[in-house]
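Before I ask anything, let me first share the structure, which is written out below as structure tokens.
Each chain carries a letter (A, B, C and D) given by its place in the written order, and its residues are counted from 1.
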Amino acid sequence: TMRVGVLGATGYAGQELVRLLRRHEEVAELVLSSSSVAGQGYEEVYPHWNGQNIGILQDEDVPDLDVLFCALPHGLTASRARGFLDRKIKVIDLGADFRLNSAQVYEEWYKLKHPDVDLLGQAVYGLPELYREKIKGQSLIANPGCYPTATLLALVPLLKEQLLQTEMLVIDAKSGVSGAGRGVSLGNHFSEVNENFKAYGVASHRHTPEIEQELSRAAGQPLTVSFTPHLVPMTRGMLITIYAKVKEGINEADLRNCWLKHYASEQFVHLLPQGTWPQTKFSSGSNHAFLQLTVDRRTGNAVIVSTIDNLMKGAAGQAVQNMNLVVGWPEELGLSGTALWP
Amino acid sequence: TMRVGVLGATGYAGQELVRLLRRHEEVAELVLSSSSVAGQGYEEVYPHWNGQNIGILQDEDVPDLDVLFCALPHGLTASRARGFLDRKIKVIDLGADFRLNSAQVYEEWYKLKHPDVDLLGQAVYGLPELYREKIKGQSLIANPGCYPTATLLALVPLLKEQLLQTEMLVIDAKSGVSGAGRGVSLGNHFSEVNENFKAYGVASHRHTPEIEQELSRAAGQPLTVSFTPHLVPMTRGMLITIYAKVKEGINEADLRNCWLKHYASEQFVHLLPQGTWPQTKFSSGSNHAFLQLTVDRRTGNAVIVSTIDNLMKGAAGQAVQNMNLVVGWPEELGLSGTALWP
Amino acid sequence: TMRVGVLGATGYAGQELVRLLRRHEEVAELVLSSSSVAGQGYEEVYPHWNGQNIGILQDEDVPDLDVLFCALPHGLTASRARGFLDRKIKVIDLGADFRLNSAQVYEEWYKLKHPDVDLLGQAVYGLPELYREKIKGQSLIANPGCYPTATLLALVPLLKEQLLQTEMLVIDAKSGVSGAGRGVSLGNHFSEVNENFKAYGVASHRHTPEIEQELSRAAGQPLTVSFTPHLVPMTRGMLITIYAKVKEGINEADLRNCWLKHYASEQFVHLLPQGTWPQTKFSSGSNHAFLQLTVDRRTGNAVIVSTIDNLMKGAAGQAVQNMNLVVGWPEELGLSGTALWP
Amino acid sequence: TMRVGVLGATGYAGQELVRLLRRHEEVAELVLSSSSVAGQGYEEVYPHWNGQNIGILQDEDVPDLDVLFCALPHGLTASRARGFLDRKIKVIDLGADFRLNSAQVYEEWYKLKHPDVDLLGQAVYGLPELYREKIKGQSLIANPGCYPTATLLALVPLLKEQLLQTEMLVIDAKSGVSGAGRGVSLGNHFSEVNENFKAYGVASHRHTPEIEQELSRAAGQPLTVSFTPHLVPMTRGMLITIYAKVKEGINEADLRNCWLKHYASEQFVHLLPQGTWPQTKFSSGSNHAFLQLTVDRRTGNAVIVSTIDNLMKGAAGQAVQNMNLVVGWPEELGLSGTALWP
């Protein structure tokens, strides 16, 4: 058993980590910290934790740990990661600081000089279904963004096998509001979001370069995508609709078989039966991803749909999955269970 | 002033028509009918109409009228329209029976032999901003579908001016649940829809041929589209995200200017200021449509967003607009007012 | 026709006023002001007002007007009202400054010394269905709170006729989130409110003394109430459930007849048919109130339900109704129309 | 380990049972049955169970089991329970058949002659926090209704200790829509429920006699309650607001101490810190109940709030808790974990 910490434990991803880690069989001790509410009890911030007596440490006071999850705004983890690694603490970063290979691309999209460029080469992109072997035993994991996770699970196998044209890849994404975190703003004010639907970050969302980096790697050549996120008036869940032309001679069965082959032994990725399309609620509260596709005979375009829970497979759940891989536990430890329905 | 009727007055589009027609200055008498609840008072079906003493006639008993709105399942209007026209009743069909020029395409998508093929040539596609002059004074109007309305307002001017490539047109559509009508089903059961988001009718939705017919007409050549509707956990509203490659040498300003030119004098179509993206709530309860676009420099793709209220500009509001044109009243009569906010 | 102004025009009640006043036949000119966004166009704040070219003045620069609506935080209107009245501007205050007769009670609940105690005696409590004759022609109207409006419409006639015991009056109230206004806070953050229901302000809500003042006046003796507001995960609407013992010998028909008598000629108050219980959506976007009651034979308690749209009959709609009374126009001017459904 | 079955496994409570039992450490084998979809795979009904290969048996074919959960419409369990008991199967009934001690009261409220009156005396009312010792080892458990559970947890200790007057007990209850089950109806149609709030079953809901039976037992004398349920536009959760006069000389601290004493060692019942009021989301997906109260000095009334997840502590969670007691396992087995937040 091990001692595990969470920096940024009171944000939504942080709280979800706490929920998962508290029921994780191998986590003997859990240490939480926060810059804003240090010194308080966790149940003062989240009253549904009543009676559990969990304290919140100062963000700066990270004790000796086996694994540390960082759920912080971008920039904050990169400037401190080296110190943690030097203390032999394995770092799983839920933020964006180590996802992009290129410091220049990071700077361009995050408007911030990367605080520790040298560490970039040491970080592993933590999408277990794609990079499992690379993740095992590593010390610095870049937990993928939610949109990239849902997108890459659908597209990477198909691009690797050269089944899709890449000239015009359209990724139309829809997310629940919890993805925007716990910070208040007019854009997340109930009366402005409820019974409302909108696109945001059009042609400018920061997950774009992350998606392109990984899709380019899969395709073996640089590509760009049209990525448009939308805000759905619901709290949890994420669904991605992808459009791509199939390559000459490729049909629906080819695409399906490619997924089947890649995901046959995956416990968190589900290819639904033909005709059953993913719904975000299928994943709610669980680490499962659901996939479906068709090739429209009239247009020759593949239409591909992927869904995850943005806070689980899209954040905290995947982070725990990465911890399990890093430490050498069974990958599903602390992550069992289906969605909460309805 | 005139005498106006509504067939199918107790569905959602029917009720919205009643709401609009009751406040329409030139509608002197309003006659409602329904096959299911004839003989009842309207307030027995909709208690919020309390005290207004509106009766519901048998569907079969259509009295002499100036204008008749038909908000019926497909197939039912086409088999009766000729009779109404013979009685000099102008017919505005909110259903699909007269939207497609080709009886064969109708049969293919609606799995129904068209009941009156000869009338197809007589019907006018009632999208006022595109076909205003053709609509005026006509007797048989095919009120467009909700998805086609939002899509065509965005795309038709751009295709007419040959600004977009048409090889891969992606139309990713999102609608509130009221579009599915008042008929109960598991798919519209609150606990199954709430906090949930899904695609449906993938590569098979019946609005596809309607969209393709009108876009082909605009482009001057046959084209197909990838059209995927999604269900948003909200009651009203519709938002369409469109992806297309721009033609060589065309930039964002060209597209914007095209819209500006076409819609400068339209009171129900709004091109939002650069950077302000449409939200469905902007249209809620009103007949207004809102548009925005950008050209992503990195991909060269235009991203175009359009929003309407599916029951207003997408159904009843547009139907009243058509009535005004057909009869010769000011087009906005009975349709003034902005959205209900928040 | 007249010249009308709105102070605090960018809050939710302010925006609703603008929506109503723009379609009001007798409002020739509409002047908006705001302390926070003066100088901007109204459509910069609310893009769905696109194309209407409405400017926002400095809050301090109130020009000569016939009627001024004040939708400001408490305290701000009272300190300026005298100046407006001296300029012969009729003032309709949507805030709390003139609702309580007693400056002491005001101070106790609002923790603020009343800025102009002498004006209290001049103000009329603007609930038209109860105080119509007193409102007509007056210059300073205290527009009631939303909870009081829904409560008083239900209870005042019954208490006036001495049909209910007043020893234990329970008022269990439920409101949509828009009642909390446009100011952002964690308590109105989408992800914290959605799929959630809670009580708030238990035994301490500021509408309590307002309700008690008016119920005491109706009953002819001082009384207290148990008033508990709750927050419903929806934007608009308010429903009040009231429990009271009936007086000896009084039955359901007596209560019903009392309402019938008081509200027979009211166009905005609807007693629903027996067995049909109010739903908040019956009022959505309209100025209508809906009532129902029963007397539970087993307990002898009356259960009374009342619903209004909190922003309409609970704020802006009633304010316009008051303006019409004050100025001498037909009471329903600018307020016609049923709810938006669904 | 044991073999456990669920009758009615495809309703919402049934599905929640399946979710809980699949992760229950001591349930070695799980048998599902249903009258409507027997022969299908569970994942055909609920696609999020993809890949788990759970079959659904005919409802009639109940194999030998240790424990059987019955989640059936009322009347169906009572007519079959004796047969199960004779086979030494312990029966936990999530329906209403064994909750009421009196067959006559059952008949009056459920309009059905009780199918096996003799069994009534054998059944134990399964609210563990109140009747733990009686439940242990029993064979026939009547799992309480959701509204009664939330109400009784709050009131029974206070009535037992004679702290409240019982002359006028008001129970104003609010529930998410999932409590109405999976059967479709206009009343649960998304567009009719969403953005809407209403009372239902006023003075006639079937949980009334169940609540009165148990409160009378606690108070030591017959009493009646004013119980009004309301429908909240959300899927899960239930909150009860209770009003009662305190007895002469009793204050808030007395009530609080009574709860503290009764619930000090309960792991599923939480008395929140003063000033923190329960929210339904605190319980979402968990078996926890949260309580709060105050005594309003002005009225002398206690205001008491209680919240649970209607499908967990209000149905399936409590049923598993009962199974654990009946079989002799630790009470919390399979029920650990806090709410899903947000």
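To be clear about the criterion, contacts are C-beta pairs under 8 Å (C-beta built on N, C-alpha and C of every residue); 3 or more make two chains touch, one makes a residue touch a chain.
In this text, all values refer to a predicted model and were calculated from it rather than measured experimentally.
Of the two chain pairs examined here, A-B and A-C, it is A-B that is joined by more C-beta pairs in contact.
Greatest Cα centroid separation from chain A: this falls to C.
Averaged Cα coordinates give chain B a centre that lies 36 Å from the centre of chain C. Chain A and chain B, compared by their mean Cα positions, are separated by 38 Å.
In terms of their C-alpha centroids, the spacing between chain A and chain C amounts to 46 Å. Within chain B, contacts with two or more other chains are made by residues 12, 178, 191-192, 194-195, 233-236, 279, 281, 284, 342. By the touch rule above, chain C contacts chain B in their complex via residues 12, 15-16, 19, 22-23, 46-52, 178, 194-195, 235-236, 267, 270, 272-273, 276, 279, 281-286, 288, 290, 336-342.
Against chain A, the residues of chain C that register as touching in their complex are 12, 177-178, 180, 182, 184-186, 188-195, 233-235. Contact residues of chain B toward chain A in the complex are 168, 170, 172, 174, 176, 191-192, 194-200, 202-203, 224-226, 228, 230, 232-237, 239, 241, 243, 245, 277-281, 284, 294, 296-299, 301, 303, 305, 342.
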